[in-house]
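This structure is in structure tokens; I'll ask about it shortly.
Letters A, B and C name the chains as they come in the text, with residue numbers starting at 1 for each one.
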Amino acid sequence: MEAEPKFFMEIHVENCGNCVYCLSACPFEAISQDPETKKVKVDPKKCVACGICYSACPSGQITTAHYNIDVLNSMLDAAVAGNPSTLVLSCRGSAPERRDVEGLWEEKELAFLSLPCIGRVPLQFYIRCAEVGLQKVHILVCEDEYCRMKKGSPVAQQKLEAARLMLEDLGYDSSMLDLKKGVVRAELDSNRCIACGNCVWVCPYHAPRLVTGTAAVDANLCKGCGICVAECPALAIRMKGSEHEELMKAVKELAAAPGKPKVLAMVCRWAEYLHFDRPVEGGALRVLPMPCSGRGDVLHILEAFRNGVDGVLLATCVDEMCKQENRGDKRAQAHAARARGLLRQLGIDGRMRVSAVTPKYLGQFESEVEAFIRELGAAPPGGGGK
Amino acid sequence: MKAGSNLEKVLSSGGFAVTAEIGPPKGADGEHMRHWARELKGKADAFNVTDNQTAVVRLSSMAGSIILLQEGVEPVMQMVCRDRNRIAMQSDVLGASALGIKNLLCLTGDHQTLGNLPGAKNVFDVDSIQELLLFKTMRDEGKILGADALTKAPQLFLGAAENPFGTPHEFRVHRLAKKIKAGADFIQSQVIYDIDRFERFMEDVRSRHLDGKVHILGGVTPLKSAKVAKYMKNKVAGIIMPDSVISRMEKASDPKAEGIRICIETVKQLREMKGVHGVHVMAIAWEEKVPEIVEGAGLLPRPVV
Amino acid sequence: MLQGRRRILVLGCDGCTQPPRGLREAQTYRTLLEMALGRKGGEVDCVAGTVSKQCDTALLAQNYPELVKGRDAVLSLSCALGVQLLSLQYPEVPVFPGQNTVFLGYEHRDEGWLREACQACGDCVLGETGGICPVARCSKSLLNGPCGGSHDGKCEVRDDIPCAWQLIHDRLRQLDRNEWIDGIVPPRDWRSSRDGGVRYQKKDEDWNEPARKEVKR
């Protein structure tokens, strides 16, 4: 019998002033107020762990395990350790990796922090940025329509305005904070496109359309999930942040690292938050974050086994959390099944695990990884790639 | 008279005809056919010899029919569309007629994937209605449809099968009309357990005046057990098995005797039905019961015409 | 099938997408081949490529000669048409089929199936049967209605095959076009199909207009 899973946040109603800012801020209507007792509570089913309520609460009565102010402060300290004067704070939806912001601003030396939704960042953090001596904080949020958490970007912008005012009051230069909006979108090369219609069919947002002789992606509708990139039979679609060649390279790097068993985890960025911030130890586990678990495709899985990886874990969102209308996890399962079948033809038992996890309950990803590693250790996979 | 076969004469004279089936063996075993010919002689007006029924390889219908003829028993040769193209079919018909076979039943045939050689190639050059058309042309016009005249036309009494209980329901009487137009002289129906449904079918037939154009023989098969009855209800397409029949079989102290009794009752009911001109007794793997059934329904002795 | 070959070209085809078999498939199979051949030791040099269509000599000539240089086998992912034309055009390298060409069919995306719908019989009757082909979709290619094995709209061969004649009957009733239900369709001339001999069409000077073939009856 497993222990009751621990929900990641708590509203401390005993000291809550019932201002219901959290209730009105929540984009998913997960917080409600009891009409009689006037106490607020959160519905775990509706909550998506966006963190917006955390930054909304003016009296600090919401605690969260994900990116609370203490965590954010230590992340900030680590990021500015080399004394750069500029910080880039970006949302994982539009710029999850440092290389994704290269060239967007003039400064060469940048401290970099990427979070799942900037809307969760409380006012104190921006003040702290000034306190640690930063001259500039470039905030990169997703475009409003693009925001996965529905209201994350507008909330971040509001926080920014409030932060500027407070910085002024405290005697800092309020223009040290500025904001840009970003997106990551699928880029379709018409010259390579064979007009098969697969992307049209598979896109949860109906962004691609078939026009004469090619498909074309409506940029306004594309949410950068990458499912079409994985499904395109002509490899005609690219997407920044999860380019095919980069993923292949990452796979090879894992294979070269020491440690056994080697597990490659292809993880949806929204299914698991914490691990990205922990250093990888011993080479036994390498995490490849993706905009959606449906992005990781058969070629990457095969490449992993070919290079001596012992197991591939695909971490998908749980049903109600999948931002891609449940297609992401189905695609991941289909890819795993296909890869398994192909490897079986070679007599290779490709050990794969598809795990549905959510940041709402703590420790799920770790348990899945541990269980998988135990499984691989108990019955080592036969048939190698090399 | 189209062919002057015994069956034709009985039907033309307005009598209630009886046909039965002798299933050929899975071997080059002429003795099997001879045995049943002797056992059942005189118990029916003609005996169907099936053609690789359920797509299982058996002694051929033509050979089986010839053996029956040799024993002085009249055969109804069967020919399915599954295994032969129009060249082979018409060639076989000329041969059959030359050897004295007069009754010929035209059927589509069960798909070969259901039989014991599922890898065999599909023929189905023509369907059963086109088959009737071909044979009718040979008989009445003395030529091959679309080709040469024959030196001698075959003499044939042509039959077809119909399933009054199949789907689309609405289409069954329609299909019957097509078969008649294509050349069917007599029809043997799928086995009947639900006499009321069959009566409804016959109402449709009569309302279209088809009973005056073709001789319909109702099919019957005696049940051996309640298990068989249930199997037919659930697993065999195109048979309607009323729960009342299953119930009778379950409650009977001697199911086999009950099965025979039900069969005889059905035959008697068919005799009373307007537009039904005979009965076709299919006692598959139970041929020895044919005499009892025919006698029990008061249909013995068979008329000599 | 590819026994003893080490320098294989896996060639995809972008000509049709049922199912897709272009560059991605070619790379997938190349990876698998390298994994399989690599285990046996020795040098392995496989490449993956694609062409827009494998069933057209002009399109093959555009890309193919460079791709095939130095290869000791080609694994073609196209349908049988491409495999055969490749073999014809480039006889020096053995060409192997990467898949079995199974049928001519259409794809229903929502319901997720590809269904056989054409037998290339050369004498199309879809206009008379309400757009449902009795030659391809009836397991017995009947032309005068269903056989006795049709039950609940399903074919006797397998439950997942709808009875074509049930479909045709329903459609013709819906369209109130009853010629093929009421009338008798005579035996068919199968010469327009493969039964008449292997088929062939010569294209005349106007490249867009295939020569009309006279069918003698």
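Basically, a contact is a pair of C-beta atoms (placed from the backbone, for glycine too) under 8 Å apart; a residue touches a chain by one contact, two chains touch by 3 or more.
Everything numeric here is computed off the predicted structure, so don't read it as measured data.
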If you count the C-beta pairs in contact for each pair of chains, which pair comes out on top? B-C
By C-alpha centroid distance to the whole-protein centroid, which chain wins? C
Chain A and chain C, separation of their C-alpha mean positions in angstrom: 43
Between chain B and chain C, the Cα-mean centres are separated in Å by 41
How far is the middle of chain A from the middle of chain B, if each middle is the mean of its Cα atoms, in Å? 72
Sites on chain C at which at least two other chains make contact: none
Residue numbers on chain A that touch chain C, as the complex places them: 192, 194, 196-198, 201, 232-235, 298-299, 302-303, 305-306, 342-343, 345-346, 348, 384-386
Quick check on the complex: what are the chain B residues that touch chain C? 81-82, 86, 108-111, 113-114, 122, 124-130, 133-134, 145-146, 161-163, 166-168, 170-171, 174-175, 178, 181-182, 190, 237-238
Touching residues of chain C toward chain B in the complex: what are they? 139-153, 156-157, 163, 165-166, 169-170, 181-182, 184-188, 190
Provide the residue numbers of chain C that touch chain A in the complex, in ascending order. 14, 17, 20-25, 27-28, 31-32, 34-36, 38-39, 50, 52, 109
